[in-house]
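I have a structure I would like to understand better, so I am pasting it below and will then ask my questions one at a time.
Lettered A, B, C, D, E, F, G and H in written order, each chain numbered from 1.
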Amino acid sequence: MHTKTNNITGILFDHNRIARIGLPEAVFCEGKSKQALRVLLQESSLKDGQPTLFTRLDEDVFASMPKDLIKKYNYHPLSRTAFTACLPGPEKGQVAIVSAGTADGSVTWEAARTLQYLGIKTRVYEDNGVAGLWRLTENLDNIQKAEVIIVVAGMDAALASVMGGLTGKPLFAVPTSVGYGMAQQGQAALTSMLVSCAPGVAVLNIDNGYGAACAAARVINLINKT
Amino acid sequence: MHTKTNNITGILFDHNRIARIGLPEAVFCEGKSKQALRVLLQESSLKDGQPTLFTRLDEDVFASMPKDLIKKYNYHPLSRTAFTACLPGPEKGQVAIVSAGTADGSVTWEAARTLQYLGIKTRVYEDNGVAGLWRLTENLDNIQKAEVIIVVAGMDAALASVMGGLTGKPLFAVPTSVGYGMAQQGQAALTSMLVSCAPGVAVLNIDNGYGAACAAARVINLINKT
Amino acid sequence: MHTKTNNITGILFDHNRIARIGLPEAVFCEGKSKQALRVLLQESSLKDGQPTLFTRLDEDVFASMPKDLIKKYNYHPLSRTAFTACLPGPEKGQVAIVSAGTADGSVTWEAARTLQYLGIKTRVYEDNGVAGLWRLTENLDNIQKAEVIIVVAGMDAALASVMGGLTGKPLFAVPTSVGYGMAQQGQAALTSMLVSCAPGVAVLNIDNGYGAACAAARVINLINKT
Amino acid sequence: MHTKTNNITGILFDHNRIARIGLPEAVFCEGKSKQALRVLLQESSLKDGQPTLFTRLDEDVFASMPKDLIKKYNYHPLSRTAFTACLPGPEKGQVAIVSAGTADGSVTWEAARTLQYLGIKTRVYEDNGVAGLWRLTENLDNIQKAEVIIVVAGMDAALASVMGGLTGKPLFAVPTSVGYGMAQQGQAALTSMLVSCAPGVAVLNIDNGYGAACAAARVINLINKT
Amino acid sequence: MHTKTNNITGILFDHNRIARIGLPEAVFCEGKSKQALRVLLQESSLKDGQPTLFTRLDEDVFASMPKDLIKKYNYHPLSRTAFTACLPGPEKGQVAIVSAGTADGSVTWEAARTLQYLGIKTRVYEDNGVAGLWRLTENLDNIQKAEVIIVVAGMDAALASVMGGLTGKPLFAVPTSVGYGMAQQGQAALTSMLVSCAPGVAVLNIDNGYGAACAAARVINLINKT
Amino acid sequence: MHTKTNNITGILFDHNRIARIGLPEAVFCEGKSKQALRVLLQESSLKDGQPTLFTRLDEDVFASMPKDLIKKYNYHPLSRTAFTACLPGPEKGQVAIVSAGTADGSVTWEAARTLQYLGIKTRVYEDNGVAGLWRLTENLDNIQKAEVIIVVAGMDAALASVMGGLTGKPLFAVPTSVGYGMAQQGQAALTSMLVSCAPGVAVLNIDNGYGAACAAARVINLINKT
Amino acid sequence: MHTKTNNITGILFDHNRIARIGLPEAVFCEGKSKQALRVLLQESSLKDGQPTLFTRLDEDVFASMPKDLIKKYNYHPLSRTAFTACLPGPEKGQVAIVSAGTADGSVTWEAARTLQYLGIKTRVYEDNGVAGLWRLTENLDNIQKAEVIIVVAGMDAALASVMGGLTGKPLFAVPTSVGYGMAQQGQAALTSMLVSCAPGVAVLNIDNGYGAACAAARVINLINKT
Amino acid sequence: MHTKTNNITGILFDHNRIARIGLPEAVFCEGKSKQALRVLLQESSLKDGQPTLFTRLDEDVFASMPKDLIKKYNYHPLSRTAFTACLPGPEKGQVAIVSAGTADGSVTWEAARTLQYLGIKTRVYEDNGVAGLWRLTENLDNIQKAEVIIVVAGMDAALASVMGGLTGKPLFAVPTSVGYGMAQQGQAALTSMLVSCAPGVAVLNIDNGYGAACAAARVINLINKT
C-alpha cells in the first residue's frame, strides 16, 4: 500500500493560496496530535517569508511545547491563536468587531487576532447586548468609522439585526455557541442572523471568528487594490 | 361498538372552565367540518349567558354559513375570529400588543380580538421591527403605560429582546411563522425568544395569539381580584 | 489594536437595569474563568448598595475561592446560586413553585433562590408528577393561594397542562433537561409545554429557573406598584 | 426488461399472514391510484373466506367507485375505513379507546373500526383532555373494565401519562398530528408519550390508529388462546 | 421560604402505585448524589414488605457504598440494577427478550432484571441481528413459546420488523443508543421501529429496558388476573 | 446587465459528460416550465447521436405537449421518464432491483427505466417487504444471479439490511418517501439504510432511483471495460 | 380598542432607511393581500423621488392588477420583481453572479434585478455546477473582473467552495431550495456553504437573492464613498 | 432466568458470513470492555484459518493488553485497526482513496487498512480539498487508474461532487465528523454527498471507513469472479 505523504504531519500545504486569493492557509489545531503540532510550529518558526497563523491552539497544548519554540511565538490564550509575526506589508483598513457579551470573547478575539495577523487595523467593542441598548448607542459613532463591521453574538443574536439597521457598512455576523437549552450550541443565534430583518447581513459558521476576519479581509483587500 | 357522544359535533364542552380558571373554552375551527361549525355557531348564538369565541375561522368558511347566522356574529377576517358578544362585565386592564411587522397581522389581531372578547382594554402597535429602531422608540412611552405587554414577531424576533430590556412589565412573546428558508415556519423566532438576553421573557407557541391573550388575561384577572 | 475594556473581567455591567426594568443584572458563572469569578465575587462583596446574584456557580468552583470571600456569601449548592444579601426592601408577593420530581431540583431551587434574592415570598412543592396525581391534588389548595405559579418539569412535562387546567393564576412553565433518549435534553418537555392543551401557559427556556423567577417577579412587581 | 407482477395492482399479498401472526394484511389506500383501488375493492368483495380492511380511503375516492361496489361495503368516512364484513368468529375481548379531543377523531375511529373488523369489542371515550380532568375522572371506572386501553392524543399528549398512572392494564398510546406550530405534525405528542413518567406506556407511530388496534389485538388474541 | 420536604433525599414516594397499577415505583439512580443513593439504599434494605428496584446504578457508584449495604443487595453490573429481593408472590408468565447484538446488552439485561424483580419468568436470546438471519431462525421456535416478546436493537433495528412479521404475540420494541454517525444515539433505531412494516409493533423510549419490562408486565399481570 | 444565455431554456448542457464519465446528462423536469420542457423535448428528438433521458416528467405535463412530440417519445407514467431511444450499443450487464412494496413503484421504475435507457439489462422484483420474509426467500436465487443489486424501500427499510446479509454483490440502497408520521418523507428509511448492520451497503438520496441506476451503471461499465 | 394604523396597507414605512444605511426598504409581496399590493403599487408609482422595489411578486398576482398600473412597471417574471425605475444616480460597481444551474434561476435573477434597481452593474453566469468543472474554468477570467462575487447554488452547493478557493474577492453565497429528499428545501446547501473549506465565504438565508444583492451593495457603496 | 451465551464475550459470531457474502465479520471495539476485548484478541490470535479485523480499537486500550498478545498483532494507531494477518489469497483489485484533508485521516486509513486486510491493493491520496483544486488535478491521472474510488471528506464534502464529475468509476463517498458548528458531526458532509450534483455517488454512514472498504470490496470481488 503506497501513499503520497509529504512530511510527518501529513499536510500538503496550499502555499500559493496567498498569491491566488490574498489569504494564506492557516493551521486549525483542534484534533491534531501534539507531535504534529510541534513539527508545524517548528517549521513555521523557521520560514522567514511567510509566517503561519495557528487557530484553536489550546493553552495547555501550547504550554507543553518546547520552551525555545514557545519563546518565538506571540500567543493569545483567550483567542487560542499563535503566530511568530504578522504578514509583511503596511497596516491597512479599519474593522470594528462588536460583540454582545464577554462570553463571546474567544470568538471575538479569534477574529481580532486573525485581522491583526493579516495586517488589518481592528478595534473591539465588547458587551453591547441589546438588553441594555444604551451601550451600543454610546459606541455607535466610533463603530461607524470602520470600513467593515463584524458582529459577534450568541443566544438570540438580536445585536446583528439592530446593528444591521443602523449601518450601511459591510456587515459580517458570527453566531457563537454561547447559551444553553434552546440556544442549541449556537444554532439559535445562527438562524436568527440568517433571517435577520435588516438587509444584507452576511453570516459565518458558528464560532467562526477566523472566517469572519477572512470575509472582512476580502473587502479590505479589495479597497486597497482599488 | 358503543361510544359516549353528546351531540353532532362530538365535543364535550368544559363549560365550568370559566368558573375554574377564569378563561372560557374557545372553539378552534381549523380542521373542523363545515357541518360541525354550523352546529357550533348555531348553539353559541342561542346561549345568552356565555358567548363563545371562535378562532382560526377562515373567511371562506364563515361566508358559507347561513345568512341569519352570519348576521349575529362579529367577525374579523384578518384575525379569523368571531363571537356574538364579549364576555359580560366591566372592561378592565390595559394590554399593549407590539408587533414587528404587518406580516404578523393575523397573529397580532388574534391576540387583540381575544382580549377584546375577554373584556380587556387593548392597544395595538404595529410595524416596530428593530431594523428601524426609531419606530419603537417613538411608541415606547405609550407602550409602557400598559400593565402587560405582548410582543408579536417572526423571523429573528429581535424585537422581543429589545423590548424586554426596556420594560419591567410582564412580557409575553409570540413567535410567528412569517419568513422563509431558515425562518422554518417560526422556529427561528421561537428559539430566538426562548434564549432572549433579556430576563423574564415568557414565550407562547408559534402563531398562538390566542394563548398570549390568555396569558395576559391571567395577569389582568389577578390584578382585578387583588 | 485597541479595545474598550473596563476591568479585568471584561464585563460592562448594565447597572441601571434595576432602575429601568426592576430586575438587576445577574452573573451567569458557567464558562467564566475562576480568575474572573474571583474578581466579580470580590467586587460584589464590597458594594453595599446593590448585592449581586451569581447563578450556575458550581460547588467545586465556589469552594476554590478564598476563605474570606466564601464566608461573605450565602451559597446554595443544589441551585448553584450565591449572593451576599437579598435586594433591600420589604418582602412581597407569593409565588408557588411546583415541580414534577426531585430530579428537577436544581432548576426548581434556582427559581426559588432567585425569588428569595429579589425579595419575593416563595413556597416550593416538589414531586408532583402526574403519574401519581394524588400528590398534586393534596397540595392544590395551598398552591392556589399564591399569586403566581411556576411549574418545573422534565420528560413529558404533563404537569404543566394539568396545572394549567386547574388554576387561573399566571403560570410560567420551565422545562428541564431531565430524562434520556427522546427527552432530548429537555426538548420533549419544552415542546410539550408550548403546545399545552391548557390556555395561557407561558414557557421559558430549558433549565431556565432564573428566567421563570424574573417572569414571576415582573408580575409581582406590577401588583405591588398598582 | 422482465418483472414478476401478479396482477394489475402490482401487489403480492401476504395471504398467510393471518395464519402466521393472527393479523390479516390490510390495504393502505393513500397514494394508490383509483384504478388500482377499484381492482382491489372488486377482488376483496368476491372473496368469501377473508374480507379485507381498507384504511386511509378518502371519502371522495370511495364515492368515485362504481355504485355496485360501494353498496357491498361498510364505509365509515371519519375513520376512512371500509370492509365488506368483519373477520369471522365470535366477538372477543374488550378494548377502551380514550381520546383527548374530537380533533383526534379520525385516528380514534381508525383504531375502533380496525378492532371491530378484527372481531374485538371496543368502547370509545372521546374528549378527555387533561385541561378538564373531571371528564377523565367521570369515565375512569368504565375505562378500567377493559382489558386493553388505547390512548389517542395530539399536542402535549399529557393524557397518556395521566392514564398510565391510573391503570395497570396494557396501554398503547397513539400520538396524532393535531395541533400547529411546535406540535410539529405530531412529533411533540410522540416524544411526550415516549418519555412518559408513567411506566410501561408503549407507543405507536403518529396517527397510526390501525397499528394501535393491531397491538391491542395481539394482547386480546393471546388471552383468548390462553 | 418554606418547602414540603419529607426526607433527606427529597423524594415523595408514590408507595401506593403497586396497589393502583401493579407496578411499584423504582429508583432511577442517574443524576442522584451518592449521599441520596446511600440513604435510599439504606431505607430500602430495611423495609421487609416491599423491596425496591434501583436502575441505572453505575458499578463505581455502587462499589463506593458501605460494605454492609453492598452485602444486602443483588447487584448486576451490565444492567446496572440492584434489589434486595424480588417482589413476593409466585413466579408467573414467560417473556422472551430477543436482542440484535451484544452491544445492546445493558438494555437487554435491564429489561431482564426488571422482569426478574417483578416475578416474571424471562429468557434472553442475544445476537440475532438480521445480517445473519440464520441465528434468529434457529431460535424462533423457542422464542414463540413465550407469551410476550421484547425486541432490543440499535442502528437499523431491522430485527423488530422481521420479528413482527413472524409472531402474533404482543411485541414491545426497545431502540438502543448503539451505533455512531447517523445512528444518532438511537434515533435511527427508534424511527425505524415506529414505522415498522409489521403491524402492531409497540415502541418504548431509547434504551428504556425498564419500560419494556413494565409494558410486558402489564400484559402478564392481565393474563394472571384473567 | 448582460448575461451569457445559450438558448431559451437557459441550460448549458455538459455534452461531453458521457465521454468523460460514461453517463450522459439527464433532464430533471420538476420545476421547469412547460415552455422550457417543450423546447428541450423538441431539441432532443432531433438529435440522432445522443438521445436524452427526461426524469420526473409528470403525466399531465407530458400530455400537454404537442401531439407530434408525444409520438416520438417512449413515456412511462409510473416512473415519469421519457426518451426517444436508448443509448446506442449492445445490451450489457444484469441488475436486479428489489423493492419492499408497490408503493415504492415510482422510484423502483425510475431506476429500471434509467438502466434500460443506459442499455443495461434489468429485472425488477417487487413487494419483498420483510414482514413477509418468504417472498424474498422465494426470489433469492434469481436475485443472486445479477451482477449488481438495487434495494428500494421506504418506512423502516429493513429489506436493505436483510438483503445485505444475504448477498456479496455490490448493493445500492434507495430510501423512498413512502410512509407517514415518523417516516418523515423518507428520512427514517435513509437513516436505517445508512446505519445498516450489513457491511458495505451504499446509499443514495431519498427517491433517487436515477442515482441508483447511475451507481449500478458505474459498476457495469467497469466490468465491461475490464 | 385603538391602534395606530397609517394607511390601508397597515405598513409604517422606514423611509429614512436609505439615508441611514444606503439601502431603501423593499416590499416583500408574499403573503400580502392583492388589495394591499394594489395600494402599494399605486403609491409607489406616484412617488417621483424614490421608486420602490417589489420582490416575490407572483406573475399571476401582478397580472391581476389594473392595466394602467401594470404599464408603469418594469416587471420580470422569473425573478418575480417589479419597479417603476431604478434608484437615481450614476451606475457603479461590478458584481458577478455565478449560479450552479438554471433551476437556481429565480434566486439568481432576484439578486440581479435588485442590483440593477440599486444602480449597480451586474453580470450573470449561469450553469456552472462543479459536476462539469470546465464551465466554471471557461468563465473564470471574466468573473474575476468583478469587484464582488455572488454564488447561487442548491443541493450540495459545492460551487461556493470551489469559487472561494479561486478568488480573493468578497464572496457572498446564497443557498437555494432546489433539490429533493435530503436537499431539505435548501438546508443541505446552506450548511454546506457555512462549513465551506474556503476561507471567508459569507452566507445568506435560503433563496435570499435580495439579501445577497444588499450585502454586495454594502461593499460597492463603501468603495464608491472611499 | 436462562440465556444462551456462547462465551465470556457474549458474542455469537456469524462465521459463515465470509462464505455467504465474501466479507468476514469484524469486531467493532468501541464500547466493549477491556476484558471482552482481551478474550477476543486471544481467540483470534489462535485461529489459523481466519484472522479477524478489529476496528475502533483505541491506542490506549490496545497498549493495555498483555505483551505477548500485542506482539502478535499488526496495529495501526491512526486508523485504530488491528489484525494478525490479512485474509489468505492473492492480492487483487486496485482502490484509490482520495481524502479532502489530513483531519480525515482516521477514516481514510480505516478504509485503507480494511482493504489491506481484505487483500485488495490500495493507494491513498490525502489533502485534495477543493479550496486548492490544483492538488486534485495533479493526482487525477493516477487516481483514474484505480477500479474503484473512495472519497473521504468532512465539512462541505465538495470533493465528492467534483470527483464524481471527473470519473466514471464506481465511487463511494464517506462523510467524516471533521468540522465544528454547522458541520454537525458530519451531517453537513453527509447531506452534501447525498444530494451531490454528480450522478451515481453512493454514500456511507458518517466516519464509516470500514463500510466504504466493504462496498469497494463487493465490486472488486465481483470483477475477480467475472
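Here is the rule we go by: a residue touches a chain if its C-beta (ideal position, glycine included) is under 8 Å from a C-beta of that chain, and two chains touch if they have at least 3 such contacts.
Source: prediction; values computed, not measured.
Participant: Going by the touch criterion stated earlier, list every chain that contacts chain C and also contacts chain H.
Facilitator: Intersection of chain C and chain H contact lists gives A, E.
Participant: Going through B-C, B-D or D-F one by one, find the pair whose contacts repeat those of A-G for over half of the pairs by residue number.
Facilitator: Selected pair, repeating A-G: B-C.
Participant: Compare the CA centroid of chain E with every other chain's and tell me the farthest one.
Facilitator: G
Participant: If we define chain centres by averaging CA atoms, which chain lands farthest from chain H? Would you check?
Facilitator: B
Participant: Could you check if the interface between copies chain D and chain F is built from the same residues on both sides, meaning over half shared, or from different ones?
Facilitator: different
Participant: Per the centroid of Cα atoms for each chain, what is the distance between chain E and chain G, given in Å?
Facilitator: 56
Participant: With chain centres defined as C-alpha means, what is the inter-centre distance between chain F and chain H in Å?
Facilitator: 28
Participant: Just curious, how far off is chain G from chain D if you go by their C-alpha centres, in Å?
Facilitator: Whole-Å distance between the two chain centres: 49.
Participant: Find every residue in chain A that makes contact with two or more other chains and list them.
Facilitator: If we look for residues of chain A contacting two or more partner chains, we find 17, 131-132, 164-166, 181-183, 187, 190, 194-195, 199, 205.
Participant: Considering every pair of chains, which are in touch?
Facilitator: A-B, A-C, A-G, A-H, B-C, B-D, B-G, C-D, C-E, D-E, D-F, E-F, E-H, F-G, F-H, G-H
Participant: Taking the touch rule as given, give the residues of chain A at its contact with chain C in the complex, in rising order.
Facilitator: 102-103, 105, 112, 116, 121-127, 131-132, 134-135, 139, 178, 180-183
Participant: Which of the residues in chain E end up touching chain C in this complex?
Facilitator: Residues of chain E touching chain C: 1-5, 9-12, 14, 16-17, 28, 30-32, 175, 177, 185-187, 190, 205-208.
Participant: Along chain A, where are the residues that touch chain B in the complex?
Facilitator: Listed in rising order, the residues are 100-101, 129-133, 155-158, 160-162, 164-166, 179, 181-184, 187-188, 190-199.
Participant: Using the touch definition from the top, list the residues of chain B that touch chain C in their complex.
Facilitator: Residues 17, 20-23, 26, 147-148, 164-172, 190, 194-195, 199-205, 210-211, 213-219, 221-223, 226.
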